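Both of the next two complexes hold chain A, though its partner changes from chain B to chain C.
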Partner chain A sequence: MSDPTSATSEAVAEAGGGATLGKPRGLMGDAWRELRVRPLFWISIAIITLVLLIAIFPGLFAHADPNLGMLSRSRKPPSGEAWFGYDQQGYDVYARAIYGTRASLLVGLLATIGVVILGSVLGILSGFYGGWLDAVLSRVSDIFVGIPFVLGAIVILTSLNTAGQGGAVRIISLVVLSIAALSWPVAMRIMRSAAITAKQQDYVKAARALGASPTRIIVRHMLPNCLAPVLVYSTIALGAFIGAEATLSYLGVGLRNPVVSWGVMINDAKDYIRVAPHALLFPSAFLTVTVLAFVMLGDAVREALDPKLR
Partner chain B sequence: MGRYVLRRLLQMIPVFLGTTFLIYALVWAVPGDPFAGKCGERECPEQYVQAMRAQFNMDDPLLVQYGKYILNLLQGDFGKTFSGTEVADRIAATFPVTVRLAIVALIIEAIIGISAGIVSGLRNRGFLDSLVLVSTLFLISIPVFVTGSVVQLVFGIQLGWISPTIKGTGFTDLIVPGFVLASLSMAYVARLTRASISESRRADYVRTAFAKGLPQSRVVGVHMLRNSLIPVITFLGTDLGAFMGGAIVTEGIFNVPGIGGLIYKSIQTKEGVMVTGLVTLLVLVYLLMTLLVDMLYAVLDPRIRYE
Partner chain C sequence: MAEAILEVRDLVKHFPVTRGVLFKSTVGQVRAVDGVSFDLLKGETLGVVGESGCGKSTLAQVLMRLEPPTSGAALFEGEDMFKMRGPALRRLRRNIQIVLQDPYTSLNPRMTVGDIIGEPFEIHPEVAPKGSRAQKVRELLDVVGLNPEHINRYPHQFSGGQRQRIGIARALALRPKVIVCDEPVSALDVSIQAQVMNLLGDLQTEFGLSYVFIAHDLSVVRHLSDRVAVMYLGKMVEIGTEEQIYEHPTHPYTQALLSAVPVPDPTMRGRRDVIRLTGDVPSPLNPPSGCRFRTRCWKAQDICATEVPALEVRVADHPSACHFAEERAVV
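Now for the complex of A and B:
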């Protein structure tokens, strides 16, 4: 690798390693040097940036109205006017795929944040304190792991949806909640095993001997050292949750009108697959490429963070 | 070994009770009238509703209801639906289909996943290795319902090679749905096998085996596989349970009359007894599979001993 330049040290400091010239780099600094030279990393970053831009400024990418249905143009194939054609209701598939990005991404992002926060807090507490707290939390997580994901989500969503129709916020938050409620044990287990390993390390013993309080040990010493595996998991999970939202919407229990998402579009199109396959294939392609980008990013980050794989 | 199994079985009891209670509470304790629309275009008669509420213990506190349900279940009584069908009969009709589907998927997953993993693990960083890595990336990223719809559209409708929906429920009829169901896990198995093979390739015992002059097929087939397949077997074992619970989408696309469709319909029509019964069954399968996998460890790797 090239010798460290000022640009590198800036980048390293940005990546959280906080290393300057001459000092040994931290784990994050090492990982960043490893990542910089991987084409796969840059490809996934490029796709994710594009998808984020689409989600934030959909108006820049599509000028047609995603909610304008005209039955006169129902199921028209792709043309110069509408690149992806029209679906059963005469919606512009391209515009809907662009405007649907926000909801799909939002669900994935919020569910990941929920899972990581809930799982990490419970995992680090359970790993640090051990004893009955660990026993209880581990059994509770066993209970949630035992429920098959799709089934559990259908039961939760069908039960809670009956209370009323609700607006976009309510529809989205229910899907986020059900994904988070069924997935947090994975993050908890990852965090817990990292915390158990970290707890026996010398730096934790030293901090304890110096009289640091448990809160300080957890927040200042253990958390930074346990975060890496959870971060890797969360990148891959983000992709998986976007797929999970689509699956639930496909089954008709996830997002629904007035919210537009890729899953909603696929659900609308699945019954007309014989006559209008384009209405199903284009949102599926958006979905697949986005999930692929996050999975690739997670892969690259994991390889960079795991010294054994180098 | 016996004591270990006993301890594990005891540990399963709270998990089993917790999971079933969670589902039971979700299905029964939510707002909404299960008798709405049950009697056609008019309100259900008061006597009918009262009789039904009594029959399903719906006026008891939730914990008592659940207790009564579990006690019946332990005696092998799954209960009846609102219309009087035995839940056990419906399960007996649909469960074998899903089990067959899961087994077909498992076999496909194991054959393709393990062979792809071995091939790519043995040729580190070659063309085949990159091919396997890229295709697993894609398989992981494509949701099952997209794979299913595309397979149905391209091979079933446009090319006409397969029937778009299945014709029977025998093992051979279920190959296409099984393939779709297995597609995601296949990629994970391939990656797991690859990692495990390329790790054991550098192990001392492999070098010794080669040094003794054993042919490559024997070194790979006997020495390496036996050691590196242990994590794969774990994955496959827990996957069988996951397949059954996750088959809803695949069953829907290919019109397979399994428990997935039954559960989905029962949830929509608020047939609480049916939902709890089926989920209970799935949880049991999952728990038993994890136990079985842990015990297989000791068989595959004699170094592992259970206290």
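Now for the complex of A and C:
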């Protein structure tokens, strides 16, 4: 320790294998080093990339028209012509599964963004200011937690999302909003507890002693240190929300024609499970694999960000 | 005698203990700091010692205005710092800074060293114009004995002693007149303690700083302090120059503390007059009546339970809060 320079170089060499000597790395850099050697991370990334590509360019993956229903080919099993077969209405299941990716993913992504933003903002304010603001926000979140998700979504959607009304945008935004409205308390609680921990850290005390404004403390000191758990939650939630969309669509209150999604397909196929199981199997497989990929990614990220698990 | 830069008068900080979630009722008060008065002179170091839970750190927090005091006053250059608002408070922040105890939690792990030390300039842009900040940060790193090239590194790439130097550089950035050191070396290895202490000493000479140096280690305090105050359960029991406290202690608590300091001389073994205190520190929630030390004091009489001993000069030319203050050679 007598020579601070050499001690630091040693520390860096130890952590960076000598290759990155002198190059600064943040905690995110550490997490990345941890992640890139994990097969689970790469598998989930590969699946998610593929799913994203399908969602953005469905035409590249399927040439058949997902909205062309021909009763003459109703419930035909998989064949060389239609890999996943046809469903009750004579729709090409493969084409619909490909074209349905976009709506499923969009609902998941938008709902996650909504939950993370709403939950984080309320959570960090609640954790930082405490007192009556925290009491009010926490009780409000308790009320939302108390509403069973499916029941709450059915109530919201049956009253707002009436059949034969509105286009795809309206249906999708209603589903997104109802998922976000019922799920934000989880993100808020995670953020709130992280904020309460961060608030008591000495570096926040030091910033206050310097005269930093509450905005600066929240943005510069607390947010970067509180974001990790919420990010981890969001990757897991994304998978869960895609599943939630499917649940709601299955129940007939979520997405519906003209929007195509995996949930819509599962809903359409559920009554013919014994005569045309392929129509149910393939969209369910897409759904399961995608949700699994996001949950695996969330797990990998959580382990990489949590120094205790290293 | 030098002029006082900080005059603390009857400072009290009680933490209410509440019960209930919605309808809170106060069921008691933790008397963390209970009527503390002292002067900090320009350019001096006032050591504050006492065992864990005696209110040292609370005193630091209140002096930094991180916690509002329950009552009492503190005059910084003659102005009551607890009444300052807005621009006056900003000026106060520039004049009083703190070095925190734990170098592992006092630096934001997501900020580079340059950002950490540069933050004071961002909060107080009038101190350094934008273009000169990077240069100032490098100078500060140099002043505290770190390599200015390490400006882009993150705190976790430094050792404990180096991190504490970064914390000192941050406190120094605004060129304060007073630095409150809240146990700045207690989390460090002994070998590094000395380096950081010497750095603090050098900086004091270079910048004319005044320190309030809080510690629980008497030898650490002696090394740096001009005057020493001894705290027990939220009150100051004795205050005097380093020589008065260490060579002529008059309060039984100070004597007990000093007798617990190991002496690196084997010939003294068994010949020293070791005072062993019995019992634990009473709860600050419900401190003893009269003299707070009476429950553990071998001199306690009836008067100790009824009358609070004032911190005043009785013997040996320095104030001591004991009815029966008398010198006793300890070492």
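Keep in mind that, in the parts below, the second predicted complex is superposed on the first by the 283 of 310 C-alpha atoms of A that agree within 3 Å, B and C clash if a C-alpha of one lies under 4 Å from a C-alpha of the other, contacts with A are read in each partner's own complex, and residues count from 1 in each chain.
The rule we apply is simple: a contact is a pair of C-beta atoms (placed from the backbone, for glycine too) under 8 Å apart; a residue touches a chain by one contact, two chains touch by 3 or more.
As the structure is a computational prediction, the values presented were derived from the model and not from experiment.
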First (chain B), second (chain C), both or neither touched by A:224: second
Touched partner set for A:250, first chain B, second chain C, both or neither: first
Which superposed partner A:277 touches (first chain B, second chain C, both, neither): first
First, second, both or neither for A:208, with chain B first and chain C second: second
First (chain B), second (chain C), both or neither touched by A:299: first
Which of chain B and chain C A:135 touches, first, second, both or neither: second
Per-residue touch tally on chain A - higher for chain B or for chain C: B
Contacts of A:155 with chain B and chain C, given as first, second, both or neither: first
Chain B and chain C footprints on chain A, overlapping residues: none
Complex contacts: residues of chain C adjacent to chain A: 21-22, 61, 64-66, 89-90, 93-94, 97-98, 100-102, 105-112, 119-120, 123-124, 145-147, 149-150, 152-154, 156-159, 161-162, 165, 167, 170, 174, 189, 191-192, 195
Chain A - residues contacting chain B, complex: 139-140, 142-144, 146-152, 154-156, 158-160, 162-163, 239, 243, 246-247, 250-251, 266, 270, 273-274, 277, 280-281, 284, 287-289, 291-292, 295-296, 299
Touching residues (chain side chain B, partner chain A) in the complex: 14-16, 18-19, 22-23, 26-27, 30-32, 137-138, 140-146, 149-150, 152-153, 157, 241-242, 244-246, 248-249, 252, 263-264, 267-268, 275, 279, 282-283, 286-287
Complex contacts: residues of chain A adjacent to chain C: 1, 4-5, 7-8, 11-12, 15, 22, 24-27, 135, 201-203, 205-213, 216, 220-221, 224-225
